[in-house]
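Here chain A shows up in two complexes: once beside chain B, once beside chain C.
And then the complex of A and B:
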C-alpha cells in the first residue's frame, strides 16, 4: 500500500498517529471556515437563530439567500462586473504575455537586450501608489473598468516565467517550420503553444485570480459604486456589515431588504466570491506539481 | 543559439525568473558577434520584425504603466496641486522630505512595518519549511497530492475573503466568541484588539500562504539524493538524525536564499491586509508604510507629501534588495538577478 523504501524502518505507531492527527488538523483548519460559511449561507433564518449565529451542524437548508442575492441589485451587478473584468482582463493579459514571452525568447534578435532589460528592471522599483493614481487619472481612466485592467495587465514576473519555458523548447522543433516558410505567429500558434499548455494554464490562472480578487485598484480608481467589483461589495457589506441599501446614490437595492443583511446573505456573498476559485483551481492544480511554477515562487 | 541555454540547465532557466540565464547568454552572444561582425540593422529588422511586433504590446504597457508613473515621482519635489498640474506646480526642493523626517506618524508606520517583518520572520518563515518536511514524509502519492491541493488553495483567495473568514471565526460575533458565550464565558474580539494584532496578521498570513510557500521547499526536498538517506540508515542513523544531517543541509541553500530575499523586502508587508484592518484595529498597531502613504495623500490631498513618503520607501527598499542580493551572491546563491 505504500512505497516506503526497503531500508527505512516502519514508522512507530505513535509517530504515525501523531502525523496523521497533525495532517488532519491542518486540512480541517483550511476547510472548516469554508464549510461553516457555506453551510450558514444555505441555512434558513430559523437555523441561524437557533445556532445563535454561524451554523456548524446542518439543520434547516434553504437557497433563499442566493435567490435574494441574484434577484438583481448590488451583488448581482458586482458579480457581473467581476466576471467581465476577469474574462476581458485575463484574455488581454494572457495574449500580451504569451506574445511578448515568445518575442523575447530569442537572444540576439533585434532590440532583445534593451527590451528584456526594461522588463527585468520593473522587479527592482515600483512607481508607487500616488504616481500610479495620477497617471490613471490623467489618462481619463478613473471610473472606467479599464482602470482595473490596464495598470496591471502585464506582470513582468509571469512574462519571465513564460519566456523561460519557451526558451527550453529546442530550436530544432521550430526551425523546420521556419524553413517551410511558416511565420513566427504561426509557429507560436501551431507549435509552441500546444507544447506549453501547462504553463499557459498556470499563468492564466494567476492572471484570472488577480483580476477576480482585484480590490484595491477598485477602491482607488472607482468612485462610482455602481461599478464596484465583488471584492469591494464583500468588504462593504460583510466585513464592515453595512446596510445593503445604498441610499444617496440610488443604486439598485435588494427587494424587500432594508435592514443590515442577514448572516445567511452575508455568507452567501462570501461563497460567491470563493466559488470561481474553487471551480477553476482543480483543473490547474495538477500542473503545479509538474514544476511549472517552481520559478514562480523564487521571485 | 540554444546550446547556450542548454548549459544553464533545463530547470535552471525556470528556477531563476529574473536571471533566466540571460545576461550570460547575451554576453556570450555579444562576444561572438564581435568576432563574426554584426549583421546590418536592415537585415536584422527584416529577420526579426515579427518578434519585435510581438513584444511591442507588453513593452508599451510597461512603458506607459510602469515607467511613465516612475517619472511622476517628481511631484515629491513640488507642491503639487491636481488643479494646476505637474508642469505648473511650484518646485520646493527637499522640503517634503524634511517634513517627513520630523513626522512622528511616518516613523511610527516605519516601526510597525519593521516589527511586523521581524515577527513574521520568526513565526511565519519556518512554517512552510516544517510543513514541507511533513508533506514530504507522506508516502502515499494520492494522499499527498490531495493534501497539497488543499493547503495551496487559500493562496488564491483575496485578502478581503481571508480577513472576512477570520472575522467569522475570531471576531466579536465569530464562532469562537459565540461558542464561549454559549458556555457561560465572556466572548472576545480578536479583530479589533491592537495588542494581539501581530498574532492575528501572522495567523492570517500562515493560513493564506504557508501551504503555497511549501512548493519551493518540496522541490528542494525532491532534489536531495535518496542514496544519502539509504547510506545513513544502513549506518544506523535514526530518523531524526537523518532529518538533521541530510534533510536540513539539503534545504539550507533555499532557506538562506529566501531569508535574504525576505530581508530585502523588509519594508513590504503587503498592503491590502493592513488597509482592510487598519480601521478596526486602530492606527497605532496597524499603520504600515503603504497605508500611511494612502491615507496621507488620498484623504488629505497632500499629494507631494505622500509621493515623497512613497519615494523614500521605494528607494530604501531598492537599497535593501541590492544589499540582500549582494549577500546572496556572497553565499553562492543566485538572488533575483545574476552576479555581473
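And then the complex of A and C:
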C-alpha cells in the first residue's frame, strides 16, 4: 500500500463538510451584498423604510428607481458616452501600451533605458491636479472627450507588467522568426501577441474598467454637462438621491406625490454601473487566471 | 461660516439626505456654526458699510408673516414667511434684463443633471425672458471646489462663476485669486449706484458685507437664515403621546427622553442632539472674550457640563442605537418612521420631511422646541454668517457686459411671489408645471426632467419661508422670531475672518474625541487631556490669531 502525501489523501467527511461550509460562507459573503443591492434597487420606499436601510427580505417590488433614472434621457446619453469613451480609450491605450511595452522589452531599442526610466518615474511622482489641468487646457482638450482618454492613456503599471511578460517570451522564438525574414512589427503581430492573449486581455480589462469608472477627469475637464459620462451623472443622483426639482424650494411639491425612494435609486445606480463589468468579466476571466498562473510558473 | 450642509438645508437643497452621510462627512466639517470666512485678515463690518449697495426694500411682495430685521452686525435677517401662494404673481421687472449677450455660468448642482441648453426648453424659456443666453456649466457640488481651484489657477474663468463660501474657506490664496480672476463690482454697485438693479438692492446689507474682499465689493451674495439648526420634534406623535414639547431645562429634556424611549415599541427619544445642547449649555459659538483673554468653547466649564449631560443621555440609551452606534444612520428616515422623535437639523430639513411624508400621512407634522437653557435661565442661540454662496463676474469684461451680467443677476434675485421667481423655479406654466390646489405650481414630468436649480444659484434673494404647508410656515417663522433676541453676541460679530486652516482642520478630530466621551468610551476626565491636545495641535496658535484680530479691530 502506497502512502499518499497528506494533500493527496481523501478528505475525511468532517473535513469535507467544513471545507464545503467555509466555501459556502465565502460565496454567500460575496453574493449577499450584491443581492441586497439589487433587491433594494427594486424596492418601494415603504420597504426601504421598513428595513431601515438595505432590504434583505423582498416586500413591495417596484421599478420606480429605474424609471426615474432613465426618464430624463440624460442617463441614456451618458451611457453612450461612457461606452464610446471606454471602447475608443481602451483601443488607444492597448495599442500604445503594447507597442511601447514591446519596444521597451527589446534590449537593442533606441534609448530604451532612458525611456523606461521616464516611465518608471511616473510611479514616484505624479503631477498635481492643477498642472494636469493646465496641460489639458493648453492642449485645447477642455470640453472634449479626448480629455477623458489622453491624459491617462498609458498607465506605467500596465506598461511594466506587459513589458515583463514580453521579456519572458524566449528569444529563440523571436529569433527563429527573424531568420525567416520577419520584421519587428510582424514578430509582434504574429508571434508575440498571440502568445500574450492572456496578459493583453487582462490589461485591456484594467483599462476598460478604468475608462468606464472615469469620474474625476470628467468633472474637471468637461464643462458641458451633455458630455458627461455615466459615472458623473450617476453620482449626481447619489448626491441627492431624490429629484431636486421637488426639493429645491418646497413650493413646487405636490403634497400627494411620493418621492422616488432615494436609497433605491442609489442602489439602482450601483446596479447600472456594475452590469457592464459583470457582463465582460466572465469572458476575460479565463485569460485572467491563465495570465496570472503562467506568470507564476515562469517566474 | 455657514457650512455646506447647513446652507443647503436652508435653501432646501439638503444633500444630507444621502444615506450614509459618510460622503459628506468626509468632505466638510460638521455643520457646526463657524465664524466668518473669506478675507485673509479680518475686516470689521462697520468699515465695510461704505462699500455696500444702499438697501431699498422691493415693494412688490410682502410676506404675510413678517420676520425680524437684524440690527446685529453680520447676522442675517429673519425674512418672514408666506402662508399661501400669491394668486397672480406679477413681474418684478418691467424691462428685459439682457441685451442679447451670451454668457457661460458655472454653478454647483446636488442632483440629477438636466439636459443641455440645446435640448432643454426650460433653459430656453428662462433665457428668452431674461433676454440673454446663459449657458450653464454644471458641476458636481461635492467636488466643486476642486474644479473651481483648477479653473482659477489656469485662468480659465467663465463669465459668471458661483463659488460657495465653504469652498472659498478651503482655498489658501483666494484673496489673491479673487483680484486676478474677478471684476471689482464696487464701481457698479456701491451705494446708490445699485439703483438700476432694484432686486440686488433688496438683498440684506449684512449679506453684501460678506461679499467684500480686499476692500472691494467682489460678488453678489446669496443670503442665509440666521439659525444653523434647531431641535425638531414629531409634533403629531407628541400631541398623540401627550408629551411636553416645551422642556425648560436640560433635566426636563432628559426626563422627556425617558418618558418617550421604549425600545420594545421601536421608539427612541433622540437622534443626534448634542450640537443643539451647546448653546443650551451656553457654550460660546466659538470663542468667549473675558478679562482680556479668549477662551475657546472646548475650554469652558459649560462644555464639560454638556459632555456629562450627553453622556447621561447615551448611557440611558435615549438615542436611537443606529445613531449612537454609527455615523451613517439616516436620521430623516428614522424620524419619518417615528423611530426617533427629536433630532437636530437645519430648518430646511423640516420642509424636506413634510414633502416626504405629508402625502401619505396628512397628520404628519413637526415642530421645533423653543430655545431653553440647561438651567432654566436665559438661553443663547448661534447664528450663521450672512451669506453662504457668492456669484463672481469674470475680470476684464467690457463695461456693457458687466452691466448686462449684473442685470441678469438682478433678474435671478427676484424673490418669491414674482413671475421671474416662478419661471426660474418651476419653468413655464402648463408646460413644466400646472397650478394645483391653492394656486401652488406642481411640476410635471417635463418639469422634473428639465428644470434644475441653476438660475437660483446666480445670486440670492431674501430667504422667505415659502413652504406649501401654512401650518408649518407659521410655526417656523414664529420660532425664528422668538429666538432672535437670544442670538449670542460674540466678540467677532461683524468681522470677516479667514479661518486659519490648521484651526479648521482640528475641529473634526477633536470633536470625534469628545464624541467618545459622550458615548461613554472615554471618561469625562479625559476632556482636559483632549483640550490640551487641541491647544498643542493648533488651538493656541488660533487663539493668538483671533486675539490679534480683536486688537486690530480695537476690540481688545
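Just so we're on the same page, the second predicted complex is superposed on the first by the 194 of 299 C-alpha atoms of A that agree within 3 Å, B and C clash if a C-alpha of one lies under 4 Å from a C-alpha of the other, contacts with A are read in each partner's own complex, and residues count from 1 in each chain.
Heads up, the rule we're going with is that a residue touches a chain if its C-beta (ideal position, glycine included) is under 8 Å from a C-beta of that chain, and two chains touch if they have at least 3 such contacts.
Worth saying up front: this structure is predicted, and the values here are computed from it rather than measured.
Shared-chain residue A:73: touches chain C; no touch with chain B.
Taking chain A as the reference, the larger set of touched residues comes from B, when chain B and chain C are compared. Shared-chain residue A:110: touches chain B; no touch with chain C.
Using the contact criterion defined above for the overlaid structures, shared-chain residue A:25 touches neither chain B nor chain C, since it reaches no partner. In the overlay built on the shared chain, the residue A:99 is in contact with chain B alone; chain C does not reach it. Residue contacts after overlaying the shared chain place A:133 against chain B and chain C alike. In the superposition on chain A, contact of A:220 is made with both chain B and chain C. In the superposition on chain A, contact is made by A:163 with chain B only, not with chain C. In the superposed pair of complexes, A:235 makes contact with chain B and with chain C alike.
Of the two partner chains placed around the shared chain by superposition, neither chain B nor chain C is touched by A:57. The interface of chain A with chain B overlaps its interface with chain C at residues 52-53, 129-130, 133-134, 137, 216, 219-220, 232, 235, 238-239.
Those residues of chain A lying in contact with chain C across their complex are 48-49, 52-53, 71-74, 129-130, 133-134, 137, 142, 216, 219-220, 223-226, 228, 232-233, 235-259, 262-263, 266.
Residue ranges of chain C in contact with chain A, taken from their complex: 11-15, 17-19, 23, 85, 104, 106, 109-116, 118-119, 136-143, 146-147, 149-151, 153-154, 156, 158, 322, 330, 333-334, 336-337, 339, 351-352, 355-356, 358-360, 362, 416, 425-426, 433, 436, 440-443, 445, 447-449, 451-453, 456, 466-469.
Of all residues in chain A, only 1-5, 7-9, 19, 22-23, 26-27, 29-31, 33-34, 36-37, 52-54, 56, 95-97, 99-100, 102-104, 106-113, 115-116, 118-120, 122-135, 137, 150-154, 156-157, 159-161, 163-165, 167-168, 170-171, 183-185, 188, 205, 209, 212-213, 215-216, 219-220, 231-232, 234-235, 238-239, 267, 270, 273-274, 277-278, 281-282, 285, 288-289, 291-299 touch chain B in the complex they form. Every residue of chain B that touches chain A in the complex is listed here, in rising order: 1-2, 4-5, 10-11, 13-18, 20, 22, 25-26, 29, 33, 41, 44-45, 47-59, 61-73, 75, 82, 86, 131, 134, 137-141, 145, 147-154, 156-161, 163-165, 167-169, 173-175, 178, 181-182, 207, 211-213, 215-216, 219, 226, 229-230, 233-234, 239, 257, 271-272, 275-276, 290, 293-294, 297-298, 303, 306-307, 310-311, 313-314, 317-318, 321-322, 336-337.
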